[in-house]
Structure formats: C-alpha cells, structure tokens
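Chain IDs A, B, C and D follow the sequence of writing; residue 1 opens each chain.
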Amino acid sequence: MTAVVPNPPVPGRVGVVGASGYTGAEALRLLADHPCLSVAVATADSQSGRLVGEVHPALGPAYPELELSELDLETLDGLDVVFCCLPHGASSTLVPELIGRVGLIADLGADFRFDSADVYPDWYGSPHDHPELLDSFGYGLPELFPNDLDKPHLAIPGCYPTAASLALVPLARDGLIETGSLIVDAASGISGAGRGPNEKNTFGAVDSNYTAYSLFSHRHTPEIEWSLQRTGATGASVLFTPHLAPMSRGILATCYARPDRTIGNADLADCLGRAYDSAPFVTVTPELPGTKATLGSNAAHVMARVDDRTGWVVALCAIDNLGKGASGQALQCVNRKLGIDETIGLTTVGVAP
Amino acid sequence: MTAVVPNPPVPGRVGVVGASGYTGAEALRLLADHPCLSVAVATADSQSGRLVGEVHPALGPAYPELELSELDLETLDGLDVVFCCLPHGASSTLVPELIGRVGLIADLGADFRFDSADVYPDWYGSPHDHPELLDSFGYGLPELFPNDLDKPHLAIPGCYPTAASLALVPLARDGLIETGSLIVDAASGISGAGRGPNEKNTFGAVDSNYTAYSLFSHRHTPEIEWSLQRTGATGASVLFTPHLAPMSRGILATCYARPDRTIGNADLADCLGRAYDSAPFVTVTPELPGTKATLGSNAAHVMARVDDRTGWVVALCAIDNLGKGASGQALQCVNRKLGIDETIGLTTVGVAP
Amino acid sequence: MTAVVPNPPVPGRVGVVGASGYTGAEALRLLADHPCLSVAVATADSQSGRLVGEVHPALGPAYPELELSELDLETLDGLDVVFCCLPHGASSTLVPELIGRVGLIADLGADFRFDSADVYPDWYGSPHDHPELLDSFGYGLPELFPNDLDKPHLAIPGCYPTAASLALVPLARDGLIETGSLIVDAASGISGAGRGPNEKNTFGAVDSNYTAYSLFSHRHTPEIEWSLQRTGATGASVLFTPHLAPMSRGILATCYARPDRTIGNADLADCLGRAYDSAPFVTVTPELPGTKATLGSNAAHVMARVDDRTGWVVALCAIDNLGKGASGQALQCVNRKLGIDETIGLTTVGVAP
Amino acid sequence: MTAVVPNPPVPGRVGVVGASGYTGAEALRLLADHPCLSVAVATADSQSGRLVGEVHPALGPAYPELELSELDLETLDGLDVVFCCLPHGASSTLVPELIGRVGLIADLGADFRFDSADVYPDWYGSPHDHPELLDSFGYGLPELFPNDLDKPHLAIPGCYPTAASLALVPLARDGLIETGSLIVDAASGISGAGRGPNEKNTFGAVDSNYTAYSLFSHRHTPEIEWSLQRTGATGASVLFTPHLAPMSRGILATCYARPDRTIGNADLADCLGRAYDSAPFVTVTPELPGTKATLGSNAAHVMARVDDRTGWVVALCAIDNLGKGASGQALQCVNRKLGIDETIGLTTVGVAP
C-alpha cells in the first residue's frame, strides 16, 4: 500500500528542463500521477512549440495541453523544483542561472556529481566551469549517502554508478572486499544512451545484438570509484566494461572482487541486509536479479555471493536505468528534500511481463 | 494529477484467484499501490506454498510475505472483492460458490461475458453450466456500456474485444458504418496467450516472428459481434484475424468497415470525440496509435479515418492487453462499483521507451 | 541440395550502388558466397573511403579490403551487373547514364517498376524524368510475370507488393476473388524503412511497439493494384495498411477479398499449388505462415482460406523484406538473366530460431 | 567467393540424431545447402512421424518430404556422418552403439569433450559410463587444437567455451596473461538453453530481461579451464558468469585477465593475428565485436586490449552460439575430416540487420 500522502498547502510547481529526452520524459511520466507536484513548465529547445503528446505519445493523455517551450529563465522563476535533464556540460551553464531563482534543483547530468573538479578534465574533456558550486550539490543516492541530502541541491547519480555502488559500497564499507582491483561488468538497455537517433541506436543496430562499448573510457568509471573512495577505500580502482543489451531499459551490474578476509555467503547477505533494511526501494533478493523485475519502477534488486572454488566475490544489482538509475531516483530525492514520503509517486513493482 | 482519494472506513480486502498467471500478476501489480484496496489472499494451485516474489520477481518487493495458496473457499469468505483470473471454464465452476460468500466478483474469463448462453457451444465447445447466473454479471466496458455496472458482478471483456469495440461501437451506434461485413485485423503481444510455457510462446518461437493464428476460429469473434449487436446492429458480422507480434504486451486493432452513408474524417472524429469526451482512459489521438504508448497503463488510444479513394473506413485502437484489456479494466470497474474514483491506482501514461 | 553450379568462362563482375543501406548490404551479403559473381565496386557517397566492414561489421570477414567509394560512372564501366540500391528518385537520374555502360541493371527502387509513367505524379510526387526508359525494364517477380525477364533490365518489386502479389495474383488470375475492393493489411520489420537513423526507427521507438503508418498513402499501393490489373482485373482496387512490428526483418501480408464465386479451401489450395508448383522459392504451407521461417532467405510462404461463416477469403504471404522482398529477389532475377540456375547463392531456409 | 567445391564420387549420407532441438535444426539448415552432404535420416523421438517442416517451419521448403523418425540404430547403419544433437548424457549411451556402425560421429553434447573422465562426477553429476571411448574423440576447435581432428570422431565444444577459448587461449599460450584467476563474463541468446519450453525461456520471461544464471556452477566452466590447461597453464582457474540477453542467438564473452608481463595493445593484436592468420572463420576486429555481425554464420570476431590505467587485459569474442558455437563448428570439423574444404556450406557473413 502506498504510504500516507501528506497534505501540503499547495502542490509544488515543477519545471522539467530537457523534456524531449528520455530522462525528461520519464520525469514527466512519474510526475503525471504525483499527488503533491504539478508540472508547470517543460522545455525542449529542439521541439519547442510541439505538444508533449506529439513528441511522447505515451504522455499525451496526461498532458493534453502542455506545450514544450524553449528554455527561458523567466518561465522558471519561482518554481519549487527544477529537474535538469540535459546532456553533460549543459547543466554547468544553466545551473548558475537557476540558483536563487528556483527552489530545488535536481540535476540529472554529471556536472555536479563530484565534490572536486579534478575528475572533469581527464574524463569529461574539459575543466569544470563552476567548481565553486560543487559544494552546493549532494549526491542523490540516499541509501548510501543520506547526509548528502542536506546540501541545497541534488546531483543525481549516473545509471551505472547507481547499480554498481548499490552492489559494492556496503561490502567495501564493511571491509568484506578488496577495492584495489575491482571489475564492474554491466549491461544496459539502449535508452541509457539517450534518445537522439544515430547509427548505434536504430532498431536494426540494437536488435539481436549484444556488444561492449566505451572500453576503458566510460565516464561513469570515476564516479563508481569515487563512491567507493568515500567509504574510506582511498585506493579504490575499477575496471568498468559497459555493454549494450537489446532492450529499451534496464541495467544489471555484475561486479567482481577479491574478498578482503575469509567470508561466506552469510556475511555478504548480512552486510547487504543491514545496509538496506529500511530502504523501501532496495531489495536483497534470494535469486539472481534480472532487469525486467525492475522495469518502470524505482526498485533495485541486489545480491552477493562468494565462490569457494575460485575465491571471487560476485555482487549484482539490477535497476531500471531511467527509474532508480535516473528520474525515479531524482523524484525519490526530491520527495525527501520536500518532506514528502520518499515513496510517493514511485513504485517498487516492475512492469512484467 | 491523481484524483482525490476517498477515505473509506477500512481498506477493501481483496482476493486474487489465479495469481500465478499474467492477468493475476497484473492485478497484484496494480493493487500493490492502490490506496483503498489491500490483497488478503492470492491463490494459485500449481504454485501454492511459494512466495509471490519467487513466481513473479517483480512483485517481490511489494509483497515480501504473501504466499500463494491453494484455492480454499473459506479463505475467501467475506472478502470485499475477488478478481477471478482463471482460464475459461474454471470460473463457471467457481463463481456459483463465490456468490453470497464475497462482495464483488470481477471475472476476467469468458464465462459470464454474454447475456445469453447460446454462444458457448459453438465457440467454447460446450454448453454453459450456469446460464441462470449470466444475468448477475455486467460487461465491464464502462465507456460503452455504463449501465452494465448496475449488475451485481463484473465480467471483464476480452482483450481483443476491448480494443475492437472501443474503435467500432461508437461508429456503429451513430450509424456511420455498415456492420454486416466488418473486418478486425489485430496484433497482440504474446502475454495475451497466457503464461504457461509451450512451443508457441518460447522466446525462440516469438522473437522476430509475426504470424496469424486461430484463423476464423478465435473465441473473441462472437464477443466483438455481440458488442456491436447491442448497439442495434443485429446483423453485425465480423471476420477477426488475430496475429502475434514479437512483444510481451500490447494490442492494436485495425478495423475495416464500409461507410453507411457519405461521411468524412470530421464525422468520424466528432463521433469518437463525443463518445469519449468524459472517459479518462480513452484518448482520441491525432496520430496513428501504437501499442507502446499504452504499455503498463489503462489507456486506450483510438482513431478513425475514411479513405476517399477506396471508400473504406479504418478505425484503430491500441491498448495494453493486460491493462485496459484485462486487469486494468477490471480494477477500473471495481473502483466504480465501490464508489471510488475510477482512476485510483491506474494511470493513463504508458512506460516508454 | 544446391543445384549444379554452371561454369561460366569468368565470374561476372558486379557493382553495388548504394552499398551503405540495408538492401545494398544484403546484396553484398548474398554475393559474398556466390560462386559465379564477384563484387568489384561498392559505392556509398556518404560513407566513401570507409571499409565495408566498418559500416557493416557482419560483412567485414567476407570483404576485408573492399572500400566504399563515391559513385563514379567510370568505375562501373563494363561491369556485368549493377545492383542499384538507391532511394526512390535517385535511380531515374543514374540509370540513363548506366544504360550501355554496364551489362545488366537491377534497380531496387520504384523508378522503373511501372510500364506507364501515370502513377508517379500522384503517388511519388512528381512526373517521371525518363518515361521512355520504362519499356526497357521488366518487373522482377518471375513466379508471376516470367516474361518480364525478357526485357533488357530489371525493376525489382517493392517488399509489400511482392508479398501481397504472391498471395493475391494467382487467385485473381483464376477468377476466385473479386478485385474491386481488396484489403491488404501487412506488417513489416523496421528494415523496410531504410537504414538512416531517425526518430521513428530507434530501438526505443520500435521495441514493444506495433503501429500502423502511412495510412491510405503508402507508395506500394498502386504497385499492388497494378500487378492485379495485369491479370485482367482492370478495376482492381486495394486498401493497403502497412504496420511496423518490433523486428528487424520480415513481412506478413494478410489480404482480404470477397470470393468471386462459390469456392472452398480446396479451390484455393489448388490454385496456389498450380501457380507455384515449379517455383523453388514459394511454398504453399499447410499452417499459417510466419515471418521468422523466411528470415535471411529468399523463401515466400503462402496460404489461402475461405471462411464459410462470413464468406471472406484470407490470403497470406510471409517473406523476408530484404530477401524475397528486395535483394534476394534481385539476385534470383539476375541469376535467371545470366543463365545461371536461379537458386545459386540463395536459400529457401530461414534462420530460426 | 566460396572456395572450389570438390567432386566426391557420391555425396555423403548424413544422419541427424536429435533433430527436434535447436542444434539439430541448425545442422539441418546448414546441410540443406551443402553440395557434398545429404541428409538421409533425422531422428527425434518426441516428434517422430511429423514432417521436419511441421516442427521447424523454416526447414519445410528444403525438406518437403523428410519425416522425423524414432531413433533406430538400423536406419543409421552405414551413414557417412552422424551429428548427435542430444542433451548431455544421452550421447554416452548412444555413441558406443554407433561406433563401427557409421563413419564419422560428431557429438555436440559434453560426453566426449574431455580427455579424462575426472570432471564428470563434479560438474555433470555422475561418473562417465564409457571413459575408454574418450580417447576416440578429438575436441573440435580446429583453430586452436588442429591435431585433435586426427582422432576418429569429433566432440564439438560447448558454445561458451568456444567463445572464451578463442579469446583467451592464444594469449595464454603466448604467456601474455596470468591464468590463475581469470574471469569470463558472457552473455548468450536464449537458444543456448535449448528448445524445450519452460518458465525461463518464454518470451514473457526473456524479453526486456538481462540476468545472470548458474552462478559458479555452469558446466562449461571446467571446459574453459581445460582448454587453457592444454596450453601448459596447468593451474588455470576461471570464474565463469553466464548471462541471458533478450535475443535468440549470439554469445559475447568478455574475459578479464592480469597481464603476465608488460604488454601493450600491439602485443595482443600481434598474438591474435598470428593465431588466426589462416583461419577463415576467425576475424580479429578493429572495433569491439557484437553478436549480431555473426548471426547465422560460422564467424568468430575476436579482440583484445590492455587498460594502462588499471592493468587489466580484456579479451572479447562474439559468435553465434548455434553456428561457431555448435552446429556450424560441427560442420566445419566434418568438412575437414572428410577432406572437403572447411568453408563449404558455411559462411562468414552474419545476417544483419
């Protein structure tokens, strides 16, 4: 049963910036049924003037009159919440303008995920424009870093780092695994790569195809490492290999570590159980997790086992990359920041079959 | 925004009979987040003793302790609502036992969809066991037959008839189309054929395959005809050709009719617009409807056009066969019967991409 | 067993114009294992300078050194065969230049499919540039129009017309069906819409989606009508409704007709049986055809039945739209024109599962 | 161009035992177009009496009259080749009966893959019935173990071991990687799990789902280790994690190793290049391999890189699990054993899109 709905004096007014992309559309989808938040503005420069339902037919019935507009700061003035669903780099230009103008910013890009600007030149190709603002943003993964939500604004984690960190961080924090030479092998549905059409994301290219990409160079690598380093594992190192699976949504991270001491499956289960005991969206599953059980939801399914024969620890986590991996997680964090029960407008139940 | 939630003295207690199948699982999915209804019993003879989450991993987080049980009438005693999600024939045995024992029965099978038992020998292979009970069941397609909900119990329409009737019935009722020789050509995702594994529903058989099935003999044929006949078109005749498309969910019905008089697209749009003006789940779309926009939702997208060149009228309707085509529609009708806003626990927004 | 391979004095030298698209790639795929033909030139303006394997990874092992080149007439001089795999309109500019310069032209576009230029303004948006050349091209559907292969060059039929005509033409020719008000309802995999990325052909848009498109306006409509008219049914009229199914390849045409006289299933089977008795690629199937059985092959599976209850005749045909619906059919015709057994380099066996 | 076809005095007569399953069907598919081999018998106990085309519609046109028969040793007497496409355990009963009765046995099961029976109790659950016959079978992976084809009969490798070994064995043999603690993370299409319908392989279970399975316990683990040990790496140890991807065919193995000495990408490319220089079916690709490029073919695409940052070596291999991973490889080995060019009846070109 859904938790009790609070009764705010007025519903919060929300803006979605970048509403033509997948994470923007997912934010609109979740907000459509949210009892305390109402979408006032949805911007999408390339599609401005079109009705939401023309660009996203699934959203037509819920937003019959909402028109996508060009980004215009004045239309955002005084909004209670803004979801920034822009490609990397765009947020760092926009956010300085938004601060002070709107209540709460939830940025789904990578621009404010790190507490230091050091990572940007190497992994993102250029220095950060506004390092002074990094301290205003908390990393929105509340099951692992709840105190980050005390910061004024929210930097929503990447999809792969959400899955990998939910699987690995509790084990690292409890000293169950070595962190100096981790492997994260993960597969994602194609929506993780964005909505813009290109040679790599046509149906003909993706269907019946399973392939690795961005070998050694995916930008989520330092984000996974940084989450591990925050547990005290300062030397944490991760080889991250992302793959594309022929599906629209879903991420499974299969993570490999050497145990830090003699451990058994009970230690792993106990560690994860304690970590997520009061987390409504994270379930420690008895069976190997699959992505479909999380489709369309904000759920994360995690599991860890040790192989007595080879000594390897395998930790797995399945999420919907657009749900717990992006817009669902953003809404969960926004709910908490606004004093609303974090489960409002979100579900733990995936759409299956 | 979700409509206002009523405040019943106590949440309604619900039973789901046949909870191991797809429509049963979908009922559980929708009920998991319903603010006024709570699942007390879920039966599934073949899986009794297993946790819901073992059989349906997506439902595990929402029902961590619910065990599937054998069907035992005593456990259903006094329930406010029972969703019967059984194969055809099973309901006609069970329902007589349930009447008087539970409040409201929503039967998703075909046993109580017709007001006469005449159709059963020809299309379902044997006479009806309890024709005297047919009058206790209304046909749960409230956008077209709202008065049926005055009957004590609910017979939920088949998935194809829901789509075909939403497209055709308003046109027939307004005399825009001839009904003596209609064609309904429809495609469905594989979940419409049930969850039990067989040679036809393995991934290897369905993937990359588009095929017709049950030519001239699909049991939904008389149901579509009967809905049309209820509009006064006593001679309504339908050739229905179902197809399987390589997807889990979704139905698109593409219906062909000759116009009954000189009509234009404006007449068709006007007719559908009036029919669904106050229907929260049916949208008359400006573009050709697709199934994905309805995935996971209770939405129906309809459209009709006339071809000046050939004279044919084409009417289309897209739904999720497990949503508006089954369990979503059941919940919509149950909501109405219980005096709850019909939209509670349901959404118009499909999960896309 | 493959038929005996003839022993031409030298292998034929082939050019593929438009080799970056799907039909061009399929031509290269089939030619890679052809014992009598060898690809000398493959052009693709937008990708010139790249190796074939960079653009089409599947083709890399077979063409390790073949580079896509810009279209340059001199490089085509003296080729035995040229496959023109260009978008509509492009061929009508190129072909006049090719005539006399190369041996045999197989044009996969629509520019030379009709024997009169009348259809082009209405359905293709502009008059034909070279109506005087139409007479040099035969319509390459040898099971139905074998004499067309006496013309100097080949216009390869569209994918939908191939499927619809294989199902309907024999029935019309034998007077079994009325042709004045036919319906062709067909579904295709997305490759039929070409390889260029756009909003409609991303995986996110196509996966789990079944939708109609080009209602009343698809350019293959007059081509289907024209094939029927060639049987003597001068008033043949077709309402054609194409759909997209979530798969890469495959077309199933489900065609509806009124019988022209009292007929039974034996008449239909007899008619199709006689039509395709000696056709190596067309099989009259006892079960309803599905697209997957033809995937990757040059096979067509056809079937027709009459419904005693409603009187409708339903004729179905499944093909691979890139095989018998495009490049496979082109190679079959080329084989025949060159005096090679028509089955060389082609298979009747689909890749399933 | 296909290599020159030899001219055997008579075509070889072939039997396919277990022809109702996926590997049996794939053997029939490949043999249908083979110029020197002809299928005389196809057995399938559960489907005996049915035409091949009823069970496998794709094969109907090529085998219009071939009936599946019950396994009867007398019908196999004197066959030149028998492909045994049976589940594990079945071959070890059948093979002793076949020896002496037929020419060449190609067993696609696991019963004769190892040169010692030691592995069977632990990984296959029971001792081997006929350890004395192991020496009569060579391991049919000719690119790595060509001398094995000197043995009288063929044990065809498992699908995952084929992919993993093609990626890792050359690197291990040349001492480029440590073999004591390898990880093989692989994803497969569902056909690898066989054709029999069950809860795990329905479309509803597989579509949109990516999941790990058989954690720490997959039977292909010791087979991968054994191939590595044959290079002299007696202590080779592999953690193997198989995954299911939502596709019918294809395997990608992503393998992780520590370098054994300071190496660069040039060393890896050089090693693989030398290993596969004269191998017609193995291509060292410049881009990351994907499964679709190999679909329906006997191709393997391999690649290896070292990450300077973390020190890990990643080696990848993509194949079609039913092609190079099963029946294609079997035919390749049979060709060689019969003195036919190994490429006859096989292709390097995948069916894409």
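Worth a mention:
Everything below uses one rule, namely that a contact is a pair of C-beta atoms (placed from the backbone, for glycine too) under 8 Å apart; a residue touches a chain by one contact, two chains touch by 3 or more.
Computed from a prediction, not measured in an experiment: that's the story for all the values here.
Under the contact definition stated at the top, the chains bordering both chain A and chain B are C, D.
Averaged Cα coordinates give chain A a centre that lies 45 Å from the centre of chain C.
Between chain C and chain D the centroid-to-centroid distance comes to 35 Å (mean Cα coordinates, whole Å).
The geometric centre of chain B is 39 Å away from that of chain C, both derived from CA atoms. Of all residues in chain C, those that touch two or more other chains are 22, 191, 195, 202-205, 207-208, 246-249, 289-290, 292, 295, 352-353. In terms of inter-chain touching, the protein chains here all touch one another pairwise. Within the complex, the chain C residues that touch chain A are 22, 190-191, 195, 197-199, 201-208, 246-248. On chain B, the positions that touch chain A within their shared complex are 1-2, 5, 11, 22, 25, 29, 32-35, 38, 53-54, 56-62, 64, 191, 195, 208, 248-249, 281, 283, 285-287, 289-290, 292-297, 299, 301, 347-353.
Listing the residues of chain D that touch chain A in their complex gives 181, 183, 185, 187, 189, 202-205, 207-213, 215-216, 237-239, 241, 243, 245-250, 252, 254, 256, 288-292, 295, 305, 307, 309-312, 314, 316, 318, 352-353.
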